[in-house]
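For clarity, chains are labelled A, B and C in written order, and residue numbers in each chain start from 1.
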Amino acid sequence: MRDYIIRRVLGMIPLILIVMIVSFGIFSLVPNPFAALIENPRIKKADIQRLIKAWGFDLPWYLRFFKWFSGVIRGDWGPSLLYPGSTARDVISRALPVTVRLMGIEFLVSIAIALPIGIISAVKQYSVTDYVVTVISFLGMSMPTFWFGLLMMMLFSVVLKRPSGMPLLPAGGIITPGLEEAPFWAKLGDRAQYLVMPVVVLAFSSLGGYARYMRSSMLEVIRQDYIRTARAKGVPERSVIYKHALRNAMIPIVTLIALSVPGIVGGAAITETIFSIPGMGSLFIAANVKADYPTAMISLMLTSILVIVFNLVADIVYAWVDPRIKYS
Amino acid sequence: MAEKAIEAKKKGQKKSSEDYTYAGMVFHRLTRHKLAMVGAFMLIFILLFVFVGPLIWRADPNTQIEGLGGLFNPASRAHPLGTDDYGRDVLARMFFGGRISLFIGFISAISSTLVGALVGLVAGYYGGWADNILMRFTDAMLSIPTFPLLIALASVLGKGVWQIILVIVVFGWMVDARLVRGLVLSLKEQEYVEAARAIGASANRIMWRHLFPNTLAVLIVSTTIGIGGAIIYEASISFLGFGVQAPFASWGNMLQNAQQFIWNSPRLIIYPGLAIFMTVLGFNFFGDGLRDAIDPKLKL
Amino acid sequence: MDNREVLVDIKNLRTFFYTEDGVVLAVDGIDLTIHRGEVVGLVGESGCGKSVTALSILRLIPNPPGKIIGGEIFFHGEDLLKKNEEAMRLIRGDKISMIFQEPMTSLNPVYTIGDQISEAITLHQKIDSAEAKKRTIEMIHLVGIPEPERRFGQYPHEMSGGMRQRVMIAMALSSNPDLLISDEATTALDVTIQAQILDLMRGLQKKLGMAILIITHNLAVVAEMAETIAIAYAGKIVENSTAKEIFKSPRHPYTYGLLASIPKFTEKRTNEPLPAIEGMVPSPYHMPKGCRFNPRCPFATEKCREEEPEILELTPGHLVRCFHPIES
């Protein structure tokens, strides 16, 4: 097992390299990344020259790549063009917790709903419950999130109002201005109202996928011979489902969960943008729109590396959970 | 067997599974699948709407009405779905926007499936280092989250229909590649491949004549569901401003436009979004039913 | 005549499957009697309804699409078909046990075999887990697996097919049932292992005294093991007698055909092809009119094509369902 992990970690290195090259490569397709800055009269030409030099744009692309590469490894992720004066690293460190909070909650809500309904759907295949769950799953998977987000905003912020005249749920942001220093519980309550809509929007689209996956995994397991054996032994039906079947059905689900973790960090770009949530997703979009390529590159690269790492985590978890897997 | 079928017909009995051809069986199962039929109806409706609609309701999607009075009109006889912020007829824009969205969705899905199938076939059939390299590359590409990548590429390549298609294809082929490779690996071991090789069939011939047709079923399902995904990608990219550009309409950029007017003209948001939703839902329902019909036991 | 107490008495069992393509008359009027300690063989080709009969006894028929629609199954005088699910559950694995065809897939891969056998014990006997473990190890030893303590903690995938089947037998016999149903338990094993398992079953039968219902398509297996043999065809029993009688003087044309198709050492070698029964088993959706065997029967007459024969006791203890049974 240890050897397997070592081999896999070594195998990750070329992947990470490719990812870094691709991230870098995409944004290198832009001929002059500093065009926007040059337009800005407040920025001195000398500063721009300094940036060009610092970023290696006076060098041919392969040298530039190495310069960037060594910088990234050392922790120097370059300046932020969106927020001149801050480094890309600062900006990203501010956006990251926001996204993790949002996506983390969304993920938990999603799983907490999706897995049980997936199980019930499988156990009662072809029943009304199953059809309803299937239809809801499809609705969630087919719904464009930004549309759903806008609809919710229309309903809860425009149409429905509180007695005070304020929207029932705030249309954007993450915290009521002025409450940044409030005590924990007050802050929690306040934060919650900002999270309701984005969480609902995101959870609705993702739970469909999880529910179907759980359902199909469960269906696959319930058909197996060893379930028939369990019943023939006299195991009560509830144990058949929750002890014998579920334990097997969860194996691929656990892998799926491990693979979903990078999404928690990558964020949901459009939803964040609609609800004005300053997280990684909206940062990435803003960086692209405003041509802040250093930030965009790093952001892309980070998420990709997380995906690679969690692929490995998923494999390890899988081996841990399924006694049949032996990695020599 | 044939006599039994004739006997059965004479006695008025139902045909049983032994009496159909393979394609016939797939069709038979498909038509019985409730959700698939719902999906099919939705798609037929949308296709009619988008292609036949303009023949019935002739209005130009880009004509702007002069004067403020023409903006944001609610539904009226002149404009069944009202007008938008530029005074353009919403219904007409829905027709033409739909055409573009569907076109992009369709072409990108088919192209990425074909590219993916090619990669998967080669990797699966040849194995060895070709397989290794191709799969490493596929894995690396898969690691990069698609959506940010789409935006990144869109912003870099510029805006427009063909750019979107290219972007979707470049980052969508991987799923099919993996799928096909897995399938080829298992099919390769079957005896008819060995037999073909024994009579001297070339690698090319084996790949295209024997292996590929057997992956078609899986690919068709993948494409159908892929169209839904591609439409959402297009809509998302256009929504962010990178895709189809004004004055051309696509359902995505109509939504983007409408965003600012959420307060006073919500129907501008409802129509294009609903259209996207129904289309994608239709493809998903149908694709899922297709998958069940092709092999009820297949778990893709 | 058998002096032993009647253990299981199946009367006119009918189990149908309602599928999209039509109704499958899997078991259409089967009568079978099993006495205490008797070894009964149920023989027939694939699809003749033998497995469905076994599953019907334990009421393990998947519903949908299957349903036991008629008949009675008396066990110790009580009709099993009238019992509720909880009562059946207590019987399964305790008074009537079943082992299945595929040892490779019939055990739960994520639990140790020790756990699975212990579960069978603790489900039906009020003993604590330490005692159950002791009993389990005894059972593992009883079925001929060496190093039982070590095997207790092993997973199914660490064992061969033959050994897994022994584990199944251990599980099935752990509560000393009155009846063991063996549904093609040796079919998936290679011949030498098959012989070992049959030996084991014979030995255990002598030791523990349970009745065995051996379901198989292999006449050699029943020749070794069974006292009484029932031949099934297309959902009905067509012949039923002692093993000796069946092999010495088969009366039903189907039985005769089956026996004739077995290559024998003792017959003189001719250059004729091995006799085989013409035709194929009828499709379950299109049963022929009249006697179900008539399309393939060399002795079929007009009567056979029109009416279905009843099962009659031609000589004491020898039942045949045929209008023109073969002379003994």
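Just so it is clear, a contact is a pair of C-beta atoms (placed from the backbone, for glycine too) under 8 Å apart; a residue touches a chain by one contact, two chains touch by 3 or more.
These numbers come from a predicted model, not from an experiment.
Ranked by distance of CA centroids from subunit A, the top chain is C. By count of C-beta pairs in contact, A-B exceeds the other of the chain pairs A-C and A-B.
Per-chain CA centroids place subunit B at a distance of 51 Å from subunit C. If you average the CA atoms of subunit A and of subunit C, the two centres end up 55 Å from each other. Centroids built from CA atoms put subunit B at 24 Å from subunit A.
Touching of two or more other chains is recorded for no residue of subunit C.
Subunit A contributes residues 126, 224-226, 228-237, 244, 247-248, 251, 322-324 to its touches with subunit C in the complex. The part of subunit B that touches subunit A in the complex is made up of residues 35, 136-137, 139-145, 147-149, 151-157, 228, 232, 235-236, 239-241, 255, 259, 262-263, 266, 269-270, 273-274, 276-277, 280-281, 284-285, 288, 299. Those residues of subunit A whose C-beta lies close enough to touch subunit B in the complex are 14-15, 18-19, 22-23, 26-27, 29-30, 134-135, 138-139, 141-144, 146-147, 150-151, 153-154, 158, 216, 220, 262-263, 266, 269-270, 273-274, 284-285, 288-289, 291, 296, 299-300, 303-305, 307-308, 311.
The part of subunit C that touches subunit A in the complex is made up of residues 58, 60, 64, 85, 89-94, 97-98, 100, 102, 105-111, 119-120, 123-124, 155, 157, 168, 171.
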